[in-house]
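In what comes next, chain A is part of two complexes: it sits with chain B in the first one and with chain C in the second one.
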Partner chain A sequence: MRRASIWIFLACLCIPSFALYRGEIYSEDLRIQPLRDGRVSTTFSFITVLEGAVPRNPKALGQLDESQHYALFPLTLGQILREYAITELHLTLNAGKWNYDNWGHPHEAGVGTGAELWAWMGASEVTTVDERWSGLRNALSGLFCASLGSLDSRRTLSPTVAFPLSGSTPTFAPHELRHASLPSESVCTENLTPFLKLLPCKSHAGLAALLNPQKVFDADWHGMGIHVTWKEDTGVELKLTLQAVFNPVRTSAGKRRDWNLQSLFDRSIERSCPVASSSSVTVILPEEKGYQITPENPAHINGLVIYDLSSSSNFTIPSNIAMYWPSEHSFQYPLPPLTPVTPLSVKRTIHGTTQTRGVLSISVTNNSPQEISAGYLEMMPALLTLWMHTLKVEINSQIRSDLLSGLKYHPPSPQSNDRLSPSMLQAVLTIPPKTTLKLSMEVNKAFLKYTEHPPDAMRGWDLPGAVFFPLPQSSHDTSSSYDWERIYTPTLLVDLPTPDFSMPYNVIILSCTLMTLIFGSIFNLLTRKWVVVEIQE
Partner chain B sequence: MNSAAFASTGFGFKDPRKLSFERDWIRRAVLASYWIVIILAFPFWWHLTSIERLALPTSQVRSQVQSNIVFPIAVHFDASIGQQNPSLNSQVQALLHDCAINEPGRWRGIDLRLKDRNDEVTSSQYTVALGEQTSIAHSRHLRVSKTDAQSATRLSSILSDLIAPPKSSTSHSQRVVQYSDHYRLAFTLLNEDATPNRFVETWDVQAALAEFIFPLMSRLSILHNFTVESQVQYYAPLAFEPKRLTLGDTEASGLTQEDLTVFINSAEWTLASSVSNDPVLHFVLFVPSETHSPMNIIDSEGRPTNQSSFLLPQWGSIFILNNELNSSSLSYNDLKPVFRNFAIQLAALLGVPPVPIGLSMEGGFLSDWQLDALLRRRALQNVQGSQDTLHSIVKLVDQINNMPVGQVVRDDVLDALTSLHEAYRTAAASPALALRWSSKALSMASRAFFNPGMLALLYFPAEHKYAVYTPLFASISVPLVVALIRDFRAWRRGSQNDGRR
Partner chain C sequence: MSILVNEGLWLLDNNIDPYVGGAFRHSPLLLSLFSTIVPPLPIIWALSDAVGAWALLRIWRARQGLSSLKGTGSDVENLIVSVYVPSAYFEYAPNAPHSYLLNPYLLLPSLALSTSTFENTLTLLALMFASEGKVSPALLAIAFAVHLTPSSILLLLPILMVLLSSPVSHLASPRPFHGNLKRIPFLFGEFTLYWLVLVGAACIIAGGSWNWVRASWGASLMLPDLTPNPGLWWYFFTEMFDHFRPFFLMVFSVHLVIYILPICIKFQHDPLYAAFLLVGVLGTFKAYLTLADPGLFLSMISLFPEVHGYLRHPIITTLLHLHAALLLPLQHVLWVSEGRGNANFYYAASLVMGMAGGAGLVDACWAGMRIAVGDAKVGAEEKVEGKGKVMWEVVQQ
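So, the complex of A and B:
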């Protein structure tokens, strides 16, 4: 015991000397992009890099961990990453439907409605990946006040092709992916407050001072993301992002699309964050002319205007960046037909009037003049059973099965705790240029036990959106493929057979009465005394 | 025509009493078999729907609660001391004996013996010898100056302070954290406000830890394991406005005693840890903002004191940094007074007994005397805690008849009892081992006490069960009982008729 403790003490002495040289760099950036439908997309990204840090080797989980000393990196998150030996972590909490056709690709790809969590972890004999996944979920739900704890085995899958490791692959252990999403999670202030506390300057200084919950949650679309990646040459990188799509046309009195920081956030940047190595606001200029931007900045690079807000620069703080269209009286919405901005447009619906079966149909339109091959991933909770034999791929009502390849389907499998894992359907769709491909399959809706229904059972169940992702490119045909990112379809609402929840006692009474009736009549038959009654006339 | 046909068949009726199944004994056998099935099924039903209550080892718990852990301690007086005053040994022994009788709480679990000669040398024996001045040496050795060696009173008070440190006041027990075999030590540098003129960006925490905290940790490693972590926060505002003070021509801010109790702003400072249930001890270095600097702790009369740190019982310690800041990083030299203070506070929070007044210590952070006293006290506390918990479980289960007691709870209670027994057994040989066992006993006992299974059926009383079953049982029992009574009457009438005949 004593000897072991001395060794631990010696180890403690050695590790800090290594950690002393570990630098931490924090930088922040805000990207503002006016969109063609009058909205303004804003993306905050706060990046903290732990230079030279390495994710914890899961094989050492049984031993005492090295001391953690952080200056800029949030300790509360660092503890979780070390405790469960997480190599890569992505958590997004979004509300609303990202309109790809009008807004283009988001700056951060994770825009699926609700909560989405995926993590890459090294396998180890000490604690299994699933145990750590469950611990991670609970720790994060405590940290962000979100119901991530319910992302249990009924929601968890491992779609490695669509969600690859975005950093380097550590060599110490084979890595496994766990992915789960909860579309019904609603995002609100209680999630933003802990998010802001992870920043070195919180919401007191720097760009984060703009994040006013009243304005952010009034936006047409808003979402936040926490991304932890490990790159061999830099170290562990924590990227906190917050995206919001504001609608100045709706909120302004004169139906104008002019915006400035004060009107968007109702706050201004009073001072810069002293520990930020860089702090900048980037405005992406629209293609059409007629706008003006203040303050005038000579640095126009490729349609970008960059304002450096870091303390070293001579940019005056407080500042209010504004963009306005002086010649426009009120904003005229662009009239249809509009050509979508993204190469792919996806629609996904579920039809059928009954509560027992339906048809899931997806229509994918290729807007580009080139053929696109896209990965299609469906992660369906066991609420719906997909019937693969009814899968149809059509173009203009003609069956084109040749466009579907690489089909993989994992049916729901029973778990140890009497629950069904989700089913996973993964396929490659090849969509010819300027055409719409329709894919449909029949589904059965599950009949649940009455205890499995949520408190608002009549509302129905939210199904996570499907994911379309670019295929990992082989080296020779880089020219043929478009540059695009993961696309999430909107969530679906499915109506399952719902019982009348006032029933249990009625059922008891009714079945007891029935049993008594049967029992009584049989019992009477068996014990009745039969006599002939002679009627005297 | 019809009536004639009916009449002819009517005459063809057999007498029902002659039918093979229309016999009295068959009907009674049917009825009896129903009742037999019900009577046989009743115990099964009762067993299946009743709450599992395994018998707890009540008598064993009662007997363990009576017994107590005892640490035998042998103090050996070197011959050099006995030369001056031959009766010293017996005098000290008598004084210590009186002491133990006067303060039973302080001397609980300690069986002290003084020895003259090197009769039997055990590893845990303490030695007292003559030296230049009164001081504690390592390896359980005490040197006594000549003047001190002549007075039996002085010697006995030194010995009793070392072996059974006085529980100074009630504040002591409230200040010391609950025993746990693993603690997290969280060191936090808090900037009240990050203005360019006055804020600390980095600190050389690791050098300071290695100098002041790690030696203490390694000495205490026999009792606890530690995880150390540190963080820096740049905006940590106070939840209240400190009092303005004017000291001559300088402005300062003051913290009253009430302010100290609400100093921690848990809403804004992210100090909490969410990954483990281990107790966390916080050590906060607080850098006041430019407007609040310097920040003093003021006494009840409003005068600033020269104290710059304070301890929050069972939580941790806070140091307010009022130095002029030359650069945005704190060097090892800047941190020296801070971490020296933190080390003292850590020892106080963990209940390390102080060195008795008038004694010097030869090097090191903690003497074996102190460590042993701490070990004994912690083991005793754990033993008392687990005894109390076990006693409460037994009492609670006795009082509440609806409380289920499963196999898990029973196993935990048995484990706790075995560990307690081991703790008693090993106390003589090794206090450290006794501490391990007592800590295991405490954790087992509290795990049994807080077992969620014990609460499960408290809210589902027997009345609910009857409410669910009554619709079935009441309606079935009516024909059964009525048939029984009817048949019984028929049988009596039949036997009366027989008797009349």
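So, the complex of A and C:
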């Protein structure tokens, strides 16, 4: 009796706490797509919406902020967003090279190798955008245990055309973009743990329970993203994504491409997350037949199978979703030539045998039967000097300068701390149907001070990938363009000439000795008196 | 370098400030020359070299006291004759132009379309006008040279002294400086005027911004670009600890300036020789040294035939230069292209180059003073009562 009254009391306490969730909506989704090369692409997205919330006005940064009470939205991230008055934030941490040709466009566009951070902030007189950008980097690097602090002025640019505001544009202040990427940053468990802590159910319940670090980081490609956007009609939206491309052919004993949740993640969903308003697993069915999927579910829509995991549904938990090819003994890789899945395929290389000069060349192939215009963005650290006068656009070894338009080039500019910002090259390439366009330019590699080299200098430097992006629709007719998102080319490794690291003292001593020797000899000559002396035999 | 000039021209064409990114470091005057007057064609470098050789010949004539009117033909004719018919008319005159035109240290930078060719020509023109007593052209030429490379300021004082006295050789008979020192402020004022006009013109061409000052002149003081060259600075500052860098930059810059006064005082009887020695200092210790800098010094040796017999260690100096000339390209290829050697290989070669430059400087300095003592060997063996045979030697004490 007494125990029952305690339960009733606790239940009464819970009623107002559920009321607090009003205004915060949490939903989670997992999309699984078997790919044609036997791999399985999985995309988790966890969306928290703060309804009616507005980003902080940077002009009010000097005043006391309103108090923050969140039930589902992560407070640690909310504090950072309010502290630096961030309107829109995108952080991605990825490992591996996204294979557009075989895997198609990812569900989340930010698949550039390494760390990429970009934020839109309102300008204000209270604190400058650059000060807040620096604070944001350090706060996020603390939150996610990543080396985002090194995304300093040597890597920061403002490419507004390629990275536009994806939400609404606030009217309270003119907005500025800061973008930086660090291709050498690797992703590991220490980044996943803080990521999971941002979720309302952590990894105890719901879809996040599947996120087993040992399996996720064993995937052929894996990456996580944090996207904060503001939409005028809904509010602030936090979208945490995690993508991984698994390779069941590699991990299974019989070289089969069959998969199930248990084999992919080595975990299962024991219970659903109680605060999630929706929780679903979507399987995108492959085009060719011969597969079977369990459990059989009636909800087949346009080649999708949707399993509703939310507590209200009658779906049984725990459950194991599986797909298998009963008639296939072992998976046969499709033989080349394979037509790429995406209309654009991009290759980017740097060649040249010497350590001082090289040629950066990009070849873009249009696989579609219609002409494509794409924006091309190169953000090159000042390690490499682009010789813009050697820029060439060729199709079949014929110069076609008419295909390149809207060329914008910002050479590296010196920053306050005597460092050079990256150079930025932006252009519009028009690629005729079914052709390959080659763009090349000569580059110079910098000779750096010995203190500027990393400890593993002989490994070389990672250069961020180039970005191809769709042009804003307003400037272009919609008929000839197709719906696509940013394409990142793989990163490049560049071999810079290195000095000898073992002998700074020797060099200082030898050079100074030579200088004093010459100096001494000349002043000796200039100051002494000439005499004729007698030599005794 | 021509690639830098081309890049600067491209940036200018596309309305981008060429001085922002550190890719272009030349004066706006040079940029406007190539963007509006002539494109950077190799013929410009050939012409510049020809003018330099002609200037060298004129300097030689002025030093020998031969006015151009007294010559057997026009200067151009002399030049042609002297190149093709060595020692045709004069004993030494032919050496001057072809020592310039055929000097590999000068030829190679010209083939590589290096702007150091123009700097050398301007230096020689300044010396030529000074030797011929043409005040304003000389000061204008040195103002141009200083504008293109600020370290040419070393040559200003000897050029002023040549203008005030004469270029004729007095090495063998030293005497106190006899020019009118009161004119120095006026000459210096005129130089400053020209220099300011050039700076103003450069600013107007650069669109009113001062970025070019930091990019072009600042480079020889701050050494932002550490690309290897035959000089002593680049590897020193590659390996320098960050917190000592400003101090040693100051030391290296002051070290250049420190030679001006002692050399000008010691050779006050022959300021042209002082200018020659300071060219040698520049050719050894300049910030962004090119082969053309020691090349100018070596070519100018032919202006002073009277000291040739008194050089201290000419063989050693020649061998050092020979070694440096062979080692520099070899080690550069081994390090940068082949990847078999490392930076120390090329550094060692640049040290040899530095030693060669220093040895040449010491040689020239010694010979310029030794000639005044006279030839002691003539009376070296004379009988002195009670002592028998006596040897004499000239030494410094």
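Please note the rule applied: the second predicted complex is superposed on the first by the 487 of 537 C-alpha atoms of A that agree within 3 Å, B and C clash if a C-alpha of one lies under 4 Å from a C-alpha of the other, contacts with A are read in each partner's own complex, and residues count from 1 in each chain.
Going forward, contacts are C-beta pairs under 8 Å (C-beta built on N, C-alpha and C of every residue); 3 or more make two chains touch, one makes a residue touch a chain.
Please read all numbers here as calculations on a predicted model, not as lab measurements.
By the touch criterion defined above, A:H69 reaches chain B but does not reach chain C. Contacts of A:V531 after superposition on the shared chain: both chain B and chain C are touched.
Contacts of A:I509 after superposition: chain B is touched, whereas chain C is not reached. Contacts of A:I301 after superposition on the shared chain: neither chain B nor chain C is touched.
Legend: residue contacts after superposition of the two complexes on their common chain; A:M388 is shown touching chain C, with no touch to chain B. Touch criterion not met for A:M458: it reaches neither chain B nor chain C. When both complexes are overlaid on chain A, the residue A:K197 reaches chain B alone and has no touch with chain C. In the superposition on chain A, contact of A:A139 is made with chain B only, not with chain C. Within the superposed three-chain model, A:L407 lies in touch with chain C and out of touch with chain B [touch as defined at top]. When the two complexes are laid over each other on chain A, chain A has residues 508, 515, 519, 523-524, 526-527, 529-532 in contact with both chain B and chain C. Contacts from chain C toward chain A in the complex involve residues 3, 6-7, 9-11, 14, 16, 18, 20-23, 225-228, 232, 234-242, 255, 258-259, 262-263, 266, 284-285, 335-337, 339, 342-344, 347, 351, 354-355, 357-358, 361-362, 365-366, 369-370, 372-373, 376, 388-397. Against chain C, in their complex, chain A makes its touches with residues 353-356, 382, 385, 387-389, 407, 409-414, 420, 423, 446-451, 497-500, 503-504, 507-508, 510-511, 514-515, 517-519, 521-535, 537. Those residues of chain B lying in contact with chain A across their complex are 13, 15-17, 19, 22, 27, 30-31, 34, 186, 193-194, 196, 199, 201-202, 205-207, 209-210, 214, 217-218, 221-222, 225, 227-235, 268, 270, 272-276, 432, 468, 471-472, 475-476, 479-480, 483, 487, 490. Touching chain B in their complex are the following residues of chain A: 1-2, 5-6, 8-9, 12-13, 16-17, 19-20, 64-65, 67-72, 74-76, 79-80, 83, 139, 142-143, 197-198, 200-202, 204-205, 273-275, 311, 508-509, 512-513, 515-516, 519-520, 523-524, 526-527, 529-532.
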